[in-house]
Amino acid sequence: MAPKALAVIAGVGPGTKEQGASIARRFAKEYSVVVLSRNPENFDPVVQEINSSGGQAIGISTDVADAKSVNSAFDEIAKKFPDSPLAATIFNSGGGFARKPFLELTEKEFSLGFEAQAKGAFYIAQRALPLFLEAKEKLTHPPTLIFTGATASVKGSANFAAFATGKFALRALAQSLAREFGPQGIHVSHAIIDGVIDIPRTKAWVFEHEDAKLSPDAIADSYWHLHTQPRTTFAFELDLRPYIEKW
Amino acid sequence: MAPKALAVIAGVGPGTKEQGASIARRFAKEYSVVVLSRNPENFDPVVQEINSSGGQAIGISTDVADAKSVNSAFDEIAKKFPDSPLAATIFNSGGGFARKPFLELTEKEFSLGFEAQAKGAFYIAQRALPLFLEAKEKLTHPPTLIFTGATASVKGSANFAAFATGKFALRALAQSLAREFGPQGIHVSHAIIDGVIDIPRTKAWVFEHEDAKLSPDAIADSYWHLHTQPRTTFAFELDLRPYIEKW
Amino acid sequence: MAPKALAVIAGVGPGTKEQGASIARRFAKEYSVVVLSRNPENFDPVVQEINSSGGQAIGISTDVADAKSVNSAFDEIAKKFPDSPLAATIFNSGGGFARKPFLELTEKEFSLGFEAQAKGAFYIAQRALPLFLEAKEKLTHPPTLIFTGATASVKGSANFAAFATGKFALRALAQSLAREFGPQGIHVSHAIIDGVIDIPRTKAWVFEHEDAKLSPDAIADSYWHLHTQPRTTFAFELDLRPYIEKW
Amino acid sequence: MAPKALAVIAGVGPGTKEQGASIARRFAKEYSVVVLSRNPENFDPVVQEINSSGGQAIGISTDVADAKSVNSAFDEIAKKFPDSPLAATIFNSGGGFARKPFLELTEKEFSLGFEAQAKGAFYIAQRALPLFLEAKEKLTHPPTLIFTGATASVKGSANFAAFATGKFALRALAQSLAREFGPQGIHVSHAIIDGVIDIPRTKAWVFEHEDAKLSPDAIADSYWHLHTQPRTTFAFELDLRPYIEKW
């Protein structure tokens, strides 16, 4: 029996672990799943859950904003899954967020937006894309690289200089990769998550309507849908928001 | 047994009938389907196909750019399906296309872009939205109104003044309805079809790559995906194009 | 002495007459000016003011949303200024504004957005562009066609279906003309006026800051600046808003 | 007599020195001008020219991508012009350009886009903005911070991952600053230079039309126009391109 294909979910941090877990769960229905996070406590629960319900998952402690760390993670993936083609990689980092008046922003805080978003995505993409090119003939669906964006990907709001520069840069990277690798049969997408995701961390943010927050599972379903599109019909960008959101 | 919910596919013309047929086929897996087209030869084949394979479909001769015609179509729908909640309406018109130097464009040709696109969509939306508001508690998925856009929805190219004004106007309408009816639980979406669709009419357009055209079935799958999104996680806009497309 | 070149300011209605007057005043410093408005009371004051301060101006009663009326206005201009090359035309209509829940919008109200904006601009452009092509060698600055947009040109807000479809359509037309006639040396521009203009009609709208409204004279200065750009360096679009505006 | 106000032109490198020189010349008609460049040969000619024709200019060797260097430049400016209010700062860097297949891009090349564009702009803005806030009551025109963008500011093309991430990030920063400091009376603008600028370095790029390149002087005139806008009527963004450019 041919080994299952692989999905790598990267950038699963304190604020994005539930979203990452939903994506991992969704892709684990068809693929072996690797979850990358600096802190194992961000991936341990979902990895256990997937393995105990008949799927296959591992977590690797990884700092996506660090080249060495990303490279050693992909080396480990190659060792653990030597015959599994890479089918999907999701870059889901929430790092680099800072909301501050511009003149109070330190150089380090400002750069962190770029480091955690665009540079992390750069490291991940440089490792994933060659694997995609190698794998593409062996897969059911075109290999897919999805970047998670935010409102700040298309709007530089006051006090968001750090995060918006990172998210704009990430979107530029996504566009550039879509235009370079699309014609090679790789599906590159960018999702604009425009609203608050319904996770434990946002419990305290109460809205007038109880279902005013994005569902991590529904986001994961949309990512899976993107992945299943044939190469004749690739979506590059979609914007997801709660029905009640002002935009 | 409760009657099946309904989907209405409007704007199925000579250039869009295969796309409309794919959408009708996809939604017919779950719903009774009504296809609106001026000329019955644009809907007869798909209506027969759906009915003979266990689904339920009717066609109604309708000019979507004519208020009376649209109103009489919806009156007929109400008579034929008195107990079926309206679950989805797709506005898929390709009308109003004209590619001409601006100074050769007649007033009539120029206006046709708006008439066939924005005004047709206006008539359809004014009838569909009240039905959605009425139906929304009875449906599995939030009622969904999808508008089909094109490259000309976001770019006014030289010689495309008529079609681009129509498609820009249609997108404005879609945005306005999404912002007004989203908070009422209605899902309004706009799809930018950026490329050539693979249908008999475009057979002669040969590209270097054989799969360089959009698949009508894959577009239909994306429309169905939009329809199944919960209201916590609505996509407003997605852009669909062949992997090989320059953009 | 060669006759002065001409500027035509079209679409000067009850809500836009002061803005139109500012533009007329600015262009009258260099050109003979023609102001088009349905109602002479919208142009009489500025025409008198310009003539009595050493400039040259006429007004012509014109309904820009009516082909015959626009054509007879341009015929009259040709008679009155047989030797004056056309240097600039500003389309500044505020017509078609309606703010209403979508389901209360009549077909007529909905269409008025398109009629007053895109179709008016179509009539004006079809008459102005041939004159520009004829005049371009005789002018100091490239002949210039400027369309006045609004927030609704790029955002379809709830309850703005009629006005936004008109303004989106106008922007599509502007883009299409810029791409077709730019290479022929005609400067086509679109200005997004994003905020309230400081005119008598908006006196009652009081903001926290007293200078929270756009200055009609400053808008006119920007239009004049666009007009003076050489063809090596055309701006297509600029967005103008008060410093205090949320966007 | 009150000392003349100051304009600082930053980011004048090998590929942008003529553009920087045009801006310096234009602002020197009203202000004392400071030109920042790593290499004095990029500013010496224009500084001499301005001083010998009655204006006042100095150059300071500065690496805009280095915090210390930017800080020492602004310290020197404060010493040389202790009583001159800062009226305008132009960030005009062309650094970080790399056109390469993504998989050949080194981490350093990729980061350079961000370093030279967004981070350079961050350093400059952090020094200029407090001076603007201090100076604003003493100036004829609102203090103005202009960022020079490019096609890559709004489009991530294939092989442009490094430059586009830098330019997107710069635009995010510009938007964020405009929204934060606009309400404080500071004019922040972003100009999208969409085409080839006519400078010695691009002499070899021959087009069908001889005036197919942007004029550095005309760009400078548009920057000056932005600077003279009153705060009631700020333009945030304008796109400049040759009449013959495809877009």
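Letters A, B, C and D mark the chains as written, and numbering starts fresh at 1 in each.
One rule holds for everything that comes next: contacts are C-beta pairs under 8 Å (C-beta built on N, C-alpha and C of every residue); 3 or more make two chains touch, one makes a residue touch a chain.
Everything numeric in this text was worked out from a predicted model, so none of it was measured.
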item	value
Interface residue identity across copies chain B, chain C - same or different by half	same
Centroid comparison with chain C (C-alpha atoms), farthest chain	A
Whole-Å gap separating chain A and chain B, where each centre is the average of the chain's CA atoms	31
Chain B and chain C: spacing of chain centres that average the CA atoms, whole Å	34
Chain B-chain D separation of Cα centroids, rounded to whole Å	46
Overlap residues in chain C, where contacts from two or more other chains coincide	179
Chain contact graph, described as a line, ring, star, complete graph or other shape	ring
Chains that touch, pairwise	A-B, A-D, B-C, C-D
In the complex with chain A, residue positions of chain B that touch it	142, 179, 182-183, 185, 187, 198, 211-215, 218-219, 221-222, 225, 228-245, 247
For the chain C and chain B complex, residues of the former touching the latter	67, 101-103, 105, 107, 110-111, 114, 118-119, 122-123, 125-126, 129-130, 152, 155-161, 164-181
